[in-house]
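Handing you a structure now.
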């Protein structure tokens, strides 16, 4: 059984300096209530692993505006000018990853792999400092796994056992981050008793806490 | 649109010496009609990539009995004594992989990765001849991708666009082999016009042909 | 016809029936307006869908269904959703038949630069590196020269690359150029230009094929 | 009480409420019969399910729902299905809290051999290497000695390993032994045996902890 908590209770678990993974693609599929609660809790010096930094008023972008991160690992920052400003002025460390590499690094961290070789990024700034290797005639980069302390997920439906199901493109990074954190907290639009086991995308055993939005 | 064909038409595409990937776990989720058609076509010297070699009268086991393989890459052979006999007598080359490594190698082949590091198999016969590396303090083996010419899948429901959905533990290797072959042929229990896009497990664009079992 | 329509009309004819296609934001999106009759394509959006349809009517948007620019989408019968790991598995694994991208610079080896200018703020590569590296056919669409009139099709890119030796076709309002192992081959020119004008606006040397250069049809 | 019941009763008390558990085929499966009141476990079958229930009644089997031995299963409310890549992602990624495996040999470093005997036909490791490598807690259950009366708990495994330094607990009809960095610690012995008897049937040296050795309760 996943324990049902409030967004504020979820945010209160996070300490200064923690690494958090947050689902969502330009805030579509991001846990907004948890982001709001993290802004209220005002926890600082976080490291963020997320596809992007959302919008100034949506998703993790709200935490950017509130200057809660010391480091961001993402694939794109263009929709939140404040991220760029903080980066330019040396207030924020940013590590840009190709999107496919980023999600695969998170997956590797979640499924116990030590790293992988990918052709993406060869010959680009992404390759700097990375080991390369020719495999089947093709140059590849070695990329390493990523993990964090907390994963904050947004799902469309959750059940009392923690099983999650997403809607449409709201799925994005959510299923992979559920594997790559010590503590997994899912914000759900709807909570049900249980679902068809073939409908489950994220197995409930991965989910420690559920934050409801339908109450 | 996936083209709808018969099992015999599917089998007729396979030539002597081809590498085939077949879904199923001890034949649960294996395409039985296609296996029967491959026995009838009597194509020889195939290489098989599959979790196991099924049973003498179920799944790819039928092709084992008919001596159609020169090589098998699998994780377990115990349910089909004929595989063991052919291996012992030098008629069949067998490469055993840990099950998690096998499915991950297939995935790597399907998603364009050049290989990955895994802790599974370190210090065991699986490590022989493989490069090792210590990552985050843990010894890991480098494992390489696997691909084949044909993937033969079994799904519970398919639609006319090639989208597939599985039932229960019939899913197993099927979704990953759909990515790791040049030509993908799915045998389905039921064919529908289309399905809820959130219900799709294997995207239709991966599936070239569908073999119906409901007609 | 403006540049987008010219590029859109010719670019759309590079596709074959049944292809899985990913169009970048901006000029690449214009190709979707001109898909020829009889050609059915599957459009992927890398945030997790294949088979999306037109923009929904106002008031009928699903907040969970957007493209990679966060604009609302619809889904067509036969479409499907998936997570980002699967989406980039499709891209990097060579399952995307064609991708169309914009460029800052492209060169005669097919090197592509479209995501950063040193000294300027880098918004990030998003999915562009994976798309340029993994897709079976990579088409770049661009105005032939930049706003100052300088060539964008170079002997060698000066900007940091998005992907190395990955472009197959370069399409502008003036020309359709194929990237081959022997360099750039001029396949078609616009009706209102000449081979000489195209070459003068291109830093890289264009090869004229034995079978000649066609006049582009729209 | 036969060996399976003894091992099953004591082994089941190693679990904590809410654990995700994978039981190997054979003796390990017997633990599921003795889960204490108030302890709810999630059982994984590595062919793709969590939350399975008892064997279905005859005539109500779903041919698509089986365990890793191809025997029919049922699924409980709250259960779920997934593909093999996800299943072994859960296993290798440390999400399985406990796995129980049979052994041919186990040694004082926690090395485990349970899948091959040189010169004999090797049926394959299946998922055993991943389970032994990836699970947070690895329990091996075994008869203390082999059929000829020779120890199975050795100073050093002679058979090819399934996994290196991975076992946490060794449980037999005679003893419960913890594998620590300093070697094997004898935690409990069966009511009908002595420390001396257990040591005499064990090749590896057993350490007696300061807090003493308990008598096993069933």
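Each chain carries a letter (A, B, C and D) given by its place in the written order, and its residues are counted from 1.
Keep this in mind: a residue touches a chain if its C-beta (ideal position, glycine included) is under 8 Å from a C-beta of that chain, and two chains touch if they have at least 3 such contacts.
Please read all numbers here as calculations on a predicted model, not as lab measurements.
**Student:** Moving only to chains each one touches, count the minimum steps from subunit C until you reach subunit D.
**Tutor:** 2
**Student:** Hey, how far is the Cα centre of subunit B from the one of subunit C, in Å?
**Tutor:** Going by mean C-alpha positions, subunit B sits 35 Å from subunit C.
**Student:** Centroid of subunit B to centroid of subunit D, CA atoms only: how many Å?
**Tutor:** It comes to 29 Å between the two C-alpha centres.
**Student:** Of all residues in subunit B, which are in touch with two or more distinct other chains?
**Tutor:** As it turns out, subunit B has residues touching two or more other chains at 104, 107, 111-113, 118-119, 166-168, 197-198.
**Student:** Give the residues of subunit C touching no fewer than two other chains, as numbers and ranges.
**Tutor:** As it turns out, subunit C has residues touching two or more other chains at 49, 75, 81-82, 88-89, 91-92, 134.
**Student:** Going by the touch rule set out above, what shape does the chain contact graph take here: line, ring, star, complete or other?
**Tutor:** other
**Student:** Spell out all pairs of chains that touch, sorted by label.
**Tutor:** A-B, A-C, A-D, B-C, B-D
**Student:** Can you tell me which positions in subunit D touch subunit A when the two form their complex?
**Tutor:** 18, 20, 40, 42, 49-51, 75, 77-82, 86, 88-95, 134
**Student:** Which residues of subunit A touch subunit D in the complex?
**Tutor:** Subunit A reaches subunit D through residues 1, 107, 110-113, 159-161, 163, 179, 193-194, 197-198, 200, 203-206.
**Student:** Within their complex, state which residues of subunit A touch subunit B.
**Tutor:** 104, 108, 111-119, 133, 135-136, 138, 140, 144, 165-168, 197-199
**Student:** Write out the stretch or stretches of subunit A touching subunit C in their complex.
**Tutor:** 25-29, 51-52, 74-79, 84, 87-88, 96, 98-101, 103-104, 107, 118-126, 156, 166-176, 201
**Student:** Applying the document's contact rule, which stretches of subunit C touch subunit A when the two form their complex?
**Tutor:** Checking each residue of subunit C against subunit A gives 45-49, 62-66, 68-70, 73, 75, 81-85, 88-89, 91-92, 111, 116, 121-130, 133-134, 160-165.
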